[in-house]
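In what follows, subunit A forms one complex with subunit B and a second complex with subunit C.
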Partner chain A sequence: MGKKYVLDVLGEVCPVPLFKTKEKVTRELSSGDTLLVETDFPRAVRNIIDWSEKHGHHVKVIEIDEACWQVQVTKK
Partner chain B sequence: MNLSTLELFCLVAKVEKFSTAANIMHLTQPAVSAQMQNLESYLNVKLFERTGRGIVLTEAGQIVYKHARKILQQFENMERELDELLSNKETKLVIGATSTVGDFAIPCTIWTFKEKYPKANIKLEILNLQEIVDKLLENKIDIAIIEGSVQHPELITKHVAIDKIILITSPDNAWANQDKISFEKLKEIPLMIPAEGSGVRKIFEEKLKELSMDIRDLNIVSELGSTAALKSLVESGKGISICCNLAVQKELRRNTLRAIELEEFNDLDISFQLIYPKDKYLSPLAHRFIRFLCPDDPAFC
Partner chain C sequence: MKRKILTLLLLVTFIIILVIAWEHGSSLYWAAGVLLGFILHRCRFCFAAAFRDLIMFRDGSVTRAVIISLAISTVGFALLQYYSGLTGSDVPGNIEAVGVNTMAGAFLFGIGMVIAGCCACSFLMRLGEGFILFLFVLIGMLPGSLLGLLHRQWWESIWSHPPVYFPDYLGWGITVVVQLLTLMGLYLIVRRWEKTERGI
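Right, the complex of A and B next:
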């Protein structure tokens, strides 16, 4: 089991959530670690899924609230 | 069957719930179910298994997912390559937007679009509704995104998304403690409203009229053309204002603004529309942007 990190980007519109996700996953996470990104921006959810899949990271989405999501990115 | 169905299918597969996918895509859950059923009957296989928590892909679903992703990626590659053929003139796209839309939702849409089509050279102009209509007809902007509606014989209108109009206040004001406020009470509070020509204002005024109330009875202290300016005035405690929910998501989450409902109103919906001239040449890029924002089923940033 890898380590868990949290990234709160509530209220940030894209591309900020994706940029911050990219940076954290690329620089701070080791393989197997998971980043929990919390966002309320629908397009950001889609962008983070797309980016993660393109780079082979495992990604899962949980709806925390009606307009608030936790995107879980596990580094390849 | 079309690409946006495949795109939706991939999202559903990823989030494992129809309702979550619906919220992310600004669709209703029945609309998502219907599209997925269409896909199932088109391919004549069962794609999902229902579980207590949502759905999981069947074995057939996993095969479709694997290929759907490749098809979407391949299609994107094709469009990128086609982009290479475009001349500099053809990669230019001037988008007009009203302040409400242009300050918040659209920059993100443009950014995501540019990620897909790096050659696109997009200029965004924030204008009021009348200026937008004029410039569209004069060919000075290619397409525009507005809130509210506009009826013009020479313009095509496409629905993009729906939002709500709310009253906003600073959490420090005395009236911020209630969830609802009556029209009578609102008369006593300094009100700052969007300037004439704003879709938010138009809908607000129309709704008041419907209920035999008049905007002129309210204590209007200023009228501003910029949503950002209205927001900062409200944040500093100068009074109440009206705006789209979408424009203040960050402030509401961070608690620097609070939303209040007007007692007499039920939900006050406002729609966002894409507009462009009817009989005019649209560049391939403009077409693509329209398709990006309004696939068969609309989705908004």
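Right, the complex of A and C next:
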């Protein structure tokens, strides 16, 4: 079981959420670690899913509140 | 349950406004606007993302969507304009002059678009979604558009060339084929670019 990191990008708009996610996943996380990205920007959810899938990371989304999502990216 | 009631209320309001607007003849435009807004919202279409994501993340999905939409509208407008040519009525569509004014405008708009994080249509959609942040974009947008409108004649008088309407010179068939081939080429370039590097 890898470590868990949290990234709060609530209130941030594109491209900030994906950019910060990318920085954190590629620089700080080791293989098997999970990043929990919290965002309220729908386009960013789509962006992060697409980017993660393209790079082979496992990704899961849960709606933690109305119009507020947690994207869980597990590094491959 | 709450959501269902809200949807029902919205639907009823939509129909009431549609009926009222019908009498003034603007009902169709309004309904088309609302439906287009709905589609924009659902597909998360964003002109800012079309250029920014391709450069920053090598994600060209929205760029390709923009190219496809241009291809579809090329065919649609060609049919409309060809038909209007046959009947002798005015050619529909904005046939505008291209020049340094277009480039300067595009550059200024690009700066605003990157700072705001959205283009002119998606900011309205996001404001409608409830993002208060985009209220500031609206505050910038209104005086910005007004200033642009006031200076428009100056830009056009100094920099632009009279409109060149391709079908007048090349004929309809060649124009449409060349435009579609150009768009196809751009599509392939984007596809290729997506696979090259990892972006910034």
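We take it that the second predicted complex is superposed on the first by the 76 of 76 C-alpha atoms of A that agree within 3 Å, B and C clash if a C-alpha of one lies under 4 Å from a C-alpha of the other, contacts with A are read in each partner's own complex, and residues count from 1 in each chain.
Here is the rule we use: a contact is a pair of C-beta atoms (placed from the backbone, for glycine too) under 8 Å apart; a residue touches a chain by one contact, two chains touch by 3 or more.
Predicted model, so just to flag it, every value in this text is computed and none were measured.
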item: Which superposed partner A:42 touches (first subunit B, second subunit C, both, neither); value: both
item: Touch count on subunit A, higher of subunit B and subunit C; value: B
item: First (subunit B), second (subunit C), both or neither touched by A:22; value: second
item: Partner chain(s) touched by A:59 [first = subunit B, second = subunit C, both, neither]; value: first
item: Which superposed partner A:67 touches (first subunit B, second subunit C, both, neither); value: both
item: Residues of subunit A contacting subunit B in one complex and subunit C in the other; value: 11, 13-15, 41-43, 46-47, 67
item: Contacting residues of subunit A [partner subunit B, same complex]; value: 10-15, 40-47, 49, 53, 59-61, 63, 66-67, 69
item: Touching residues on subunit A, where the partner in the complex is subunit C; value: 11, 13-16, 18-19, 22, 41-43, 46-47, 50-51, 54, 67
item: Sites on subunit B touched by subunit A in the complex; value: 11, 14-17, 19-20, 23-26, 69, 104-105, 107-109, 111-112, 115, 249-251, 253-254, 300-301
item: Residue ranges of subunit C in contact with subunit A within the complex; value: 44, 46, 48-49, 52-53, 56-57, 59, 61, 117-118, 126, 129-131, 133
